[in-house]
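In what comes next, subunit A is part of two complexes: it sits with subunit B in the first one and with subunit C in the second one.
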Partner chain A sequence: MRRRTFVAAGISAVAAGTSISCGGNQAGWRFFTAEEARAVDAICEQIIPAGPHPGAHDARVVNYIDIQLTRHFRKHQETYRRGIAGVEAAGRKKFGRRFVELSPEQQVEILSDAEEKSKAFFELILAHTRQGFYGDPRHGGNHNMVSWKMLGLPSPPIRGRERSVWPGFFCPA
Partner chain B sequence: MSGQGGGFLPMPLKHVNAVIVGAGAGGGVAAKELASAGLSVVLLERGKWYSAADCRKDDLRNQRTTVLGNGFGPDDERNPRVLVEGKRETIVWPSEGGYSNNAACVGGGTFSYGAQSWRYMEQDFRMRSTYGAVPGSTLEDWPITYADLEPYYEKAEWEMGVSGDVANNIFKAPRKKPLPMPPLPPSREHQVLLPAAKRLGLHPFDIPMLRNTVPYNGRRACMRCRWCVGFACETNARTGTHNTVIPAALATGNCAIRTECMTREVLLDGRGRSRGVAYIDAAGHLQEQTADLVIVSCGAVESARLLLNSRHRLFPGGLGNRYGWVGRNLQSHTYPAVTGLFETETYDDLGPGASIAICDYNHGNPGLAGGGMLANEFIRLPYQFMGQVPPWIARWGAEHKEFVRNAYRRTISVMGPVQEMPMFAARVELDPKVKDYWGIPVARLSGSKHPHTLDIARFMAEKAEAWLKEAGAAQTWRRMPGPSLSGGQHQAGTCRMGNDPKTSVVDRDCRLHDVDNVYVIDAGVHVTNGGFNPALTILANAYRASERLVNAWKGSRAHS
Partner chain C sequence: MKKLVLVLGLLAAAVLLMAPGATLYYETGGGRRCASCHEMQPVYDLWSSSSHRGVSCGKCHGDAFTLDASFHRNNAARAYSHLRHELPEQIRFSHQYVQAMTGPCQNCHRQEFASWQAGPHSATYARIFLDKKHNTGNMLMDDCLRCHGAYFERGIAGLVAPVDRAGPWRIVPQGVANMPSMPCLTCHQMHREGPQLHKAGVEGRVAGPSQEIARPSLAFFDRRTQQYVPIQDLPMPALLDGPRPLKMSADRRQALCYQCHAPAAAMQVGSGDDRTGMGVHEGISCLACHAQHGQQTRASCANCHPKMSNCGLDVEKMDTTFQSAGSKHNIHWVKCGDCHTRGVPRKKEKTV
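The block that comes next holds the complex of A and B.
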């Protein structure tokens, strides 16, 4: 049952992120509705856009946020729910469309407004996008370590960098 | 043991000579010194005992970046505090700013710290005599001098193991022995900053570190991870009380450690002497550990809280608090930070980072009551780097991402711990309403920084900036501290040591003025906190206070 839901959800580009987030609602998300997830994915992508290097969408930042909203960020659930609704409402009012359907310029305009008027939500999603993009993949974002590769940081960070300075130096395989 | 919960007392525990509350820096050393002298000791720790295998280098959940919680305690579920800012009161949790967390685990802060191991300077012990009264500050001299502490600094350095090379630090206080281990080979950052400091006529040197650079004391040498501070050490090369004095205390056979035991109060008999402590064990049972001596080593905030929670007919305002000084003078360090952007790469991926320092501005700065050391920062995590992006870069979008990509490997940060002017109003109290998971009233923090502390921070930022510019930084920018209360990892001062019972909590031997068998041995007793990271001073003072306690001990000894 869960498997089928996942495959169905896999059709949408956003839901690619759900390969890690099994369980949760119909679309495979833990907290977001499928529509919310698409909006969040688009917002995150404006915060850290793809260019010569992958952006928030490729890093599956929305997956990170979805997972954490059912864990350490539970207390932020309401802020997200209202914040996303606010962004959607603003898009409809100004341009008559859902956020994901807006042009990049229009999306930036809506988000710049949110930065001013919806501070609590915007500051959260800004911080969480950075975490999901630059943080450890184990938490559901930074898929394929795209940001670490961008910064030229070979993985994994756990190992010592120096291997030859001291004779007989311990270096785990 | 009985399965009954709350309030039910199971079998009485065996009486011991000393119960030590808190297995951190101060408590760890005290346990080893007392147990080695033949006293029977129980060491209570509210946190867990993590091992080197807990080195998971989780960059979002460690002791420094806590967006997903603290790596090494306390947990967010059970440990609230209340923060008072002006008229605003908020319940804060350990992973949030404003909580003033250090750690909750065996080793305390020393389990995951950066391991800079500084001796304070001579002037740091007599700030009042050096600079006179500072209006609005409780700036005071310590009741002991640097000379009193010197042998114990040496003991901590050699017994636990410190690396580094302070020969070029012409400002250092007199010392008898060099450090037992050499510094790590210089990183690229170090090589950029060293000649620049010399050109400026400054006196750069290798930071002393409680970190093995060669095998020492049966533990390995550092392998230079990218990420060190805030994480467990995979090789055990970084030195804390958890891998030195605490195992040594246990090896004597005279010391038992009990983890996940939350101490609720110091118990008193009818005459106002202590008879032990009450704590809630890992299974949730209330226990009484009776002892001849009680040593409070919970870290500055929690030690004050424990004393205040120990009320008695004779001490209605809490233990040691006859004159209202417990919890006062909460202080830490104020950090101005400057980041410089270089044309070429300064990043070489060789941890741990911080390695070069100057003490040219700790004292003798015109018009200022003190100063602080300046050093390069530990290797920054990519997410941490967000906090170092300059204010003129857009906060989101392609510009921000491009800046991070371009600058990450070309920036150096220089910062330093400014010695703070203590404030009587910066304090720990008990919150009248909020209780923790165990039903114990929590710490309520209030107060702010002294304005002169911020003056010194501005001066230090100028000096850091000049150093980076001389090193070739094309651009520099500052991150300046605000006036809000200082606590956190370098928390100190809440159980001030002094000769006058009316203006201090413990005497020069770290014994409560009020009760002759209760001691405080941790950063709480610091009168002032030096312009340096505090751990080595906490360790040295713990060796000193323990020695005096043992010398004065007239009770039984198991074997010594």
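The block that comes next holds the complex of A and C.
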């Protein structure tokens, strides 16, 4: 290969490699935009609010929903897009602000309306919030096993097992 | 024709150089560019607040100059999956990769690595799973992998065959038999949040306010949840000696030991895999006697004996496992009454 060709190929390769980067315009989210993620986080926090114990925000339920919307929940993508837009529109119409900027009482008011008018979306996010809060952390929610700690579940459990033979080690009677 | 060859050659060169080109791009960003793939953001966030944040991605994970072709092939495959939006639920290491990661650990932590390699915690899959005495007495099960093979992707049947008590047994996957069943990443999370560490001086190694007790990376990889659980979040058992609550050391590092050396459900000391000290050694931390990586114990006796010996005997000559591995007086459970068979002298009774 001639030198000029090699240099051209090298530049092409670096350019191709660089193009793999998406520029991070979704701020780490797989499906949601950054604004959608903030809205969903706020909605989930109203469903399981933090009190003496952590809530949906601490459990990173929005992370669970975001991951699963690119996997098992693909079919719900459109419901979420429309549902979030609906909640945002309702917030602007009723209080002139975005959902995340509303007071907790105002947020509850918007969500109470959504429970009646956007039943499909509300029931979906309600179910997903419960799953993300109480489910296995491997799926993206229940960060640091916060809900299991709240319930007093030792995790991982301490569980030895009785054995009849233990090579090279004396067991007391 | 010449033009076609030139174009094809250019394309081939571009394809060949794409992976190292991309690697070079990501490496020069100090880790930030690795997070430009959305799914890498949580991994980057963890690393950037961890005690290993001073160590660049490439130092452990490879870079443009890595000669291993599979490294570049894997990176290209990941980029392809990313572009196709076929993202895994979590970014996590394969069993093969975890095994390979012991190399980078060794590069910096040479002394610890040598101790671990010489100790029982580096036991290979063959040593653990092909033990005739164990396998004829105890059924192999998936739960074995909780400690021995936490990262192994398949169940016990994918590792050992046959899964029965008759044998003869063999390790199923090629090349796995001589791999350590408990590599570094079983008990250490490299991206665990913590202060950036510097090489400890003498003050960090001797007892005192500056002594380093636990590394931030200490965490147990829970196979079930595929998560690391740091030692402060791991449960500590409340052990019983019959109905009596056992006096337990407050050393949190033991929580890591109890994940594998665990008592049976009734929490009786010495049951299941538990080896908690009782008798004359009750209340002493596992790590007071077991050197962290090598697990050597004999030298530790001199820390307390004979100065703290209550009977004035040379512990090296007493009938315990120190003198003879076959002794009935296991060092974990030896009591005064084991030697004082006619009764403990009155003035010593308090120490029983």
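Everything below uses one rule, namely that the second predicted complex is superposed on the first by the 131 of 173 C-alpha atoms of A that agree within 3 Å, B and C clash if a C-alpha of one lies under 4 Å from a C-alpha of the other, contacts with A are read in each partner's own complex, and residues count from 1 in each chain.
Here is the rule we use: a contact is a pair of C-beta atoms (placed from the backbone, for glycine too) under 8 Å apart; a residue touches a chain by one contact, two chains touch by 3 or more.
Bear in mind the structure is a predicted one, so any value in this text is a computation, not a measurement.
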{"item": "Partner chain(s) touched by A:Ser147 [first = subunit B, second = subunit C, both, neither]", "value": "first"}
{"item": "Subunit B versus subunit C as contact partner of A:Arg138, first or second or both or neither", "value": "both"}
{"item": "Which superposed partner A:Ile47 touches (first subunit B, second subunit C, both, neither)", "value": "first"}
{"item": "Partner chain in contact with A:Phe95 - subunit B first, subunit C second, else both or neither", "value": "neither"}
{"item": "Partner chain in contact with A:Arg30 - subunit B first, subunit C second, else both or neither", "value": "second"}
{"item": "First, second, both or neither for A:Leu126, with subunit B first and subunit C second", "value": "first"}
{"item": "Subunit B and subunit C footprints on subunit A, overlapping residues", "value": "71, 136, 138-139, 154, 156-163, 165-166, 170-172"}
{"item": "In the complex, subunit B residues that touch subunit A", "value": "55-60, 67-69, 76, 95, 185, 214, 220-227, 234-235, 349-351, 381-383, 385-386, 395-398, 400-402, 404-405, 408-409"}
{"item": "Parts of subunit C lying in touch with subunit A, wherever the complex brings them together", "value": "6, 9-10, 13-26, 33, 35-39, 41-42, 79, 82-83, 85, 87, 89-90, 131, 133-134, 136-138, 143, 220, 222, 224-227, 229, 233-235, 237, 258-259, 261-265, 270-274, 321, 327-328, 330, 333"}
{"item": "Interfacial residue positions of subunit A with respect to subunit B in the complex", "value": "46-49, 51, 53, 55, 68, 71-72, 108, 111, 115, 126-127, 129-131, 134-136, 138-139, 147-148, 150-154, 156-163, 165-166, 169-172"}
{"item": "Of subunit A, residues touching subunit C in the complex", "value": "1, 5-6, 8-10, 12-18, 20-24, 26-30, 63, 67, 70-71, 136-140, 144-145, 149, 154-167, 170-172"}
